[in-house]
Amino acid sequence: MAKLHITTTINGDATEFLCEPEQTLLDVLRDELQLTGSKEGCASGDCGACSVMLDGRLVCACLVLGAEAAGRTVETIEGVARGEELHLVQRKFLEHHALQCGVCTPGFIVAAKALLERDTDPSETEVRYWLAGNLCRCTGYDKIVRAVLDAAAEMRGEEAGA
Amino acid sequence: MDYMRFEAPSSVDAAVALLAEGGGGARVLAGGTDLLVQLRSGMVEPSLVVDIKRLPEVREIAAEDGGFRVGAAVSGAELGEHAELKALWPGVVESAELIGSTQIQGRASMGGNLCNASPAADTVPALIAARATCTVAGPRGRREVAVEDICTGPGRTSLAPGEFVVSFHLPARPAHSGDAYLRFIPRTEMDIAVVGVGVSLTLDLQGACTQAEVSLGAVAPTALRVREAAEALVGTRLDDAAMEALARAAAAACRPIDDKRGTVAFRTRVAGVLAQRAARIAADRARSN
Amino acid sequence: MSESVKGNGAAKALRWVGTRAARPDGVDKVTGRARFGADLFAPNMLHGRVLRSPHAHARIVSIDVSGAEKLPGVKAIVTRDDFPEMPSEWSPLGELIVNYHDMTRNVMAREKVLYEGHPVAAVAATSPSLAKRALAAIEVEYEVLPHVLDPVEAMRPDAPLLHDHLFTAGVDPRPETPSNVAKRVQFGHGDVEEGFAAADLTLEREFDTRPVHQGYIEPHACLGSVSEDGQAELWVSTQGHFSVRGHCARLLGWEMSRIRVTAAEIGGGFGGKTVVYLEPLSLALSARACQPVKMQMTREEVFRATGPTSGAHVRVKIGATRDGRITAADAELVYQAGAFQGSPVQPGAMSAFAPYALDHVRTVGYDVVVNRPKVAAYRAPGAPIAEFAVESTLDELARELGLDPLELRLRNAAREGSQSSYGPKFGPIGMAATLEAAKAHPHYHAPLGPHQGRGVASGFWFNIGGETCATMNVNEDGTVGLMTGTPDIGGTRASVSMMAAETLGIPLERIRPIIGDTNALGYTFVTGGSRVTYSSGMAAVQAAEDIIGQVRARAARLWDIPVEAVEWQDGMVAPAGANAGEFDPMSLADVARVSGKTGGPIVGEVAINAQGAGPSFGTHIVDVEIDPDTGRVSIARYTAIQDAGKAVHPSYVEGQMQGGAVQGIGWALNEEYIYDEQGRLENPGFLDYRMPVCSDVPMIDTVIVEVPNPAHPFGVRGVGETPIIPPMAAIANAVEDAVGLRFTELPMSPPRVLRALDEQRERLQAQAAE
Amino acid sequence: MARVCLMSSLTAFTGGERVLEVDAANVHQLMRRLGERFPALAPHLDDSLAVAIDGEIHQDDWFARIAPESEVHIMPRIGGG
């Protein structure tokens, strides 16, 4: 069976890969490109552990075919930090101890970053609904929500100072 | 089993040709949020998947005849970001925005939601209540079909081989109109509707209901347009008696099943409750425009 | 909001213990770099998959793999024929005692399949899609048998029998016929009949709960690699890689030294990753193919074939005097074990009444096999079910007696010196302290809104110690490598390092902790039983003390003074006073720099069996709000209070309390297994197995009470398990407070609640009509 | 002589005796003496048990000290999740 040759952009880098038509973008990221930061928790779009940005939209990589990535831009958890500098959301997750086992964390960070790029002043309820597609079984969500709200507050503070 | 083929045509005609050639083994990929789950679980094993998202027509929202034409693969998130559409048909937009998580919203579409033909699809009752139509493209050209005529049973549609839904038309509506969609799920998010209710209505200047549509989801093999429920509202000022009649009519129309998501008794009972709540929201919206 | 209530602990100033320090693995986990079970790859790797039974109960007539073997790219297939028969003997695994005769059958079905999802064959192929195709080419002939899912039904004499050789243990005389009842246990003291005779009021209630899954987000995954000479490597997501090694060696008939197991980062376990499923299969396949074999479960497989905790039927009877003294307490617990014996009914029976000081108490438990996946440990195994029943009954008792529910609990609370319901007397414990903290909490006195109600409940868990090793290597620059053998499931590398830094008196950043593989240090028991901060912490402290002793000895030789004349102060060695001599103090780095010249590297090594784990008690307060027309129960406010002994890292203690509370909320409201008529699971995914999502819950407020555990150098008690115990009863009690209905069946899902509300309305209307 | 309380399931092998006086300085001695006194009990004094000495639970700890005035409970060993 012939594999598909796909050209795409991942975390800013032009990337080519071969995939089977059935393979999802998550399969491709993990198994073909070894970008294993996106996790498979369910493969049905119910846990959010594979959250990535596809053409600037938050999606579950498990619900995108690898072939669909042709000509599009994909951003994964691996592209969130800039060099040595962690993204504000990553920093806040660490400061608030918003992770225990950490397997859901990449998905939460990609999702929370997407929220704060649209809205730097979300209410607690808005944060909770935005993140409702990201399951966490360890933390009870409390510290995650606090981390995101605090990141938003710091973002607003920076904007005011700028 | 054979290996699946993937195609992403760039014209509607090419998509139709591919689908016609693929026959029963072909599947349309719109948002993919249902199809990929079915692929993964082995529920479907298509020989061909046709990604329609490269067709400009299926990705656009455009004003048309005082209403809107919405591409079949426009995502829920895009619908929610369209202020004018949301102002005209807030219930339809909220039904699309209720599907799944933020991540699902980035992909799931009204076209996919309709053609997946789940009895519990959220947008379908809202679209039926809105008297929406859809444009179907196929080997014999295009036709305009009422949304309520697409689904014929769980997982079954009236689409002929080679046909697919290109876009929806949400009509213009008179002043003092409003719509709403409500569903019941056990959690606050991430569930499939146990009951869904779409209500659309128009009031006159005195606040009396001049026109109404009520549609129920997840209580029968397909979403239902419940005329008796609409009739319970028309000509009334949506007083308590009308609301009671609405709930009774909605409950009477239910033909649900017991399953992992809810019981017959629960669905029937909650259909009436949600019909009242949705009608109140629709009426509030109608009064404010 | 979080707060802390100090007990009577010594107020020694601590630099690290009790702070909210950064975790050493944090950056790896927020950047996606951390390698979990499925993130491992090996050159020339194959992909393994498991063929599973579609039937709940069937005899395997034949398995034909010849079609699959012929497929190109299929490198190995294993079935029951590839695993040796095992004798029926007992070996400890967590609180569950393992029988390898059963375990080998759970890993790969032999005579029969006993639940839907039971493995019948495994394949390894060059790609995941080829492996999937190979499964479809295996032909299995089944003779379908009648099945039984409910434990009470399974106890009936005419129920379908799972095992011909299972005779109820713990009854005298031994039964002459086999049954599905594996075991009867009994605990207690005093004479309950005498106690009930002294009661002014006696309540008896029955409760039902459904199996619930641990719900870790990371499915089971491992990568096994066996070379041509039989040396095996296994990388795996597990709570205990030493246990994995032991089980695999036994199940495969290999010597332990052949298998080296490395624990990957683990994406949640909650008890469910203390057993083996894929691991022996991946090693067996790899031994066949002489290529590495990676295996990972789908979420569906996790639900169908890994262990949830038991569903149960519980009867509770409590008698009390008018002034709220409990005179007798009695319970009968029937727990389903899944397809093989070993439900947590024993710890359930032991913990049911443990929060209370009782003169007359008895619990009887039954371990019952049914055609469901074998249960695995789940956070305080057995206790949440038993204590849900007891704490619900107590709430009704308080209502009938006109007593505040916290006051009733305070009047009967176990205290230091009370005899526990499972036998021994308690040492210093925090049960009453958590109740007092609840009573004093503003939440308990806040006004409630319409359709709202408030409930409280308490919980107890034993906590354990166990075999634990730690190695501490002092590097040439005085920094420290710390190795323990307990996989870090929730931040314990931070808490263990903090105790080590505190003892050594060096900055926390100078310690780099890792989890050693099974060859790198001695046998270490699983991460479970709330034991890691306690036991690995104790081992790390002792390793640090070992290093301090060695550093003092080196300094003594350098200074040519007796070792007694060398003191350790704030991370430095110094002469113990003017009489000892005039020498500049030396830091650990100073001594390390010359360690080669003073006797060689400085290494602290500790191998202990940690004893004296202190029990932990918690009390939760919850406000619920009920939609009267849909039956949906929402959590409006939640406060969790718990005795941590000493919170080494308060953020992670709070995190355990918050996470446990939310798991309990899921158990109370929506989580359940739904089976069809054929015994097939209908909701094997996160869509319909409804764990709480972020928008389902409010902030979980916490109060950490600290009643130090005298057996631990820093007063630590385990904290991880207790917080899942109170929520179910607290919520049921709150629902009763809100709408006057008592739910004795979990989950309190909307259809169940709405039906009860409607029936209540009908009753009230009928009464009004009369 | 330490006061030793057996969990109820073990009393089937002691002729119903539940509380015993045993002269033992540690857990290993205690188990040996119990086995000698009640041969039927011996096979059940296995890995599945824990011993609480004056309230402190010991699992797999044969040399845990027992004082003459100690109160000892023999109970199942505990695990966790």
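Labels A, B, C and D are assigned to the chains in the order they are written; within every chain, residues are numbered from 1.
Keep in mind that, in the parts below, a residue touches a chain if its C-beta (ideal position, glycine included) is under 8 Å from a C-beta of that chain, and two chains touch if they have at least 3 such contacts.
These figures come from a predicted structure and were not determined experimentally.
Peer 1: Select, from A-B and B-C, the pair of chains that is joined by more C-beta pairs in contact.
Peer 2: A-B
Peer 1: Where the CA atoms of chain A average out and where those of chain C average out, how many Å apart are those spots?
Peer 2: Chain centres of chain A and chain C, defined by C-alpha means, are spaced 29 Å apart.
Peer 1: Just the number, please: Cα centre separation of chain B and chain C in whole Å.
Peer 2: 43
Peer 1: Measuring from the mean C-alpha position of chain A to the mean C-alpha position of chain D, what distance in angstrom results?
Peer 2: Computed from C-alpha means, the inter-chain centre distance equals 55 Å.
Peer 1: In chain B, which residues are in touch with two or more of the other chains?
Peer 2: 40-41, 188-190
Peer 1: Going through chain A residue by residue, note those that touch at least 2 other chains and give them in order.
Peer 2: 20, 22, 43-44, 46, 129, 131-134
Peer 1: For this entry, which pairs of chains touch?
Peer 2: Touching chain pairs, listed by label, are A-B, A-C, B-C, C-D.
Peer 1: Which chain C residues qualify as touching chain D in the complex?
Peer 2: Answer in residue numbers: 90-97, 170, 172, 184-188, 214, 269-272, 274, 346-347, 350, 377-381, 422-427, 461-467, 528-531, 609, 611-613, 711, 718, 720-721.
Peer 1: What does chain C use to touch chain B in their complex?
Peer 2: So the residues of chain C touching chain B come out as 133, 136, 298, 300, 629-632, 669-670, 674, 682-683, 686-688, 690, 692-696, 749-751, 754-755, 758.
Peer 1: Can you list the chain B residues touching chain C in their complex?
Peer 2: Result: residues 1, 40-41, 184, 186-192, 194, 259-263, 265-266, 269-270, 273-274 of chain B touch chain C.
Peer 1: Using the touch rule from the top, collect the residues of chain D that touch chain C in their complex.
Peer 2: 5, 7-9, 12, 46-48, 52, 54-61, 64, 71, 73, 75-81
Peer 1: Would you tell me which residues of chain C are touching chain A in their complex?
Peer 2: Within the complex, chain C touches chain A at residues 20, 22-23, 25-27, 29-36, 38-39, 41, 127-129, 214-219, 265-270, 296, 298-299, 489-491, 649, 651-652, 654-656, 658-663, 685-687, 691-697, 699-700.
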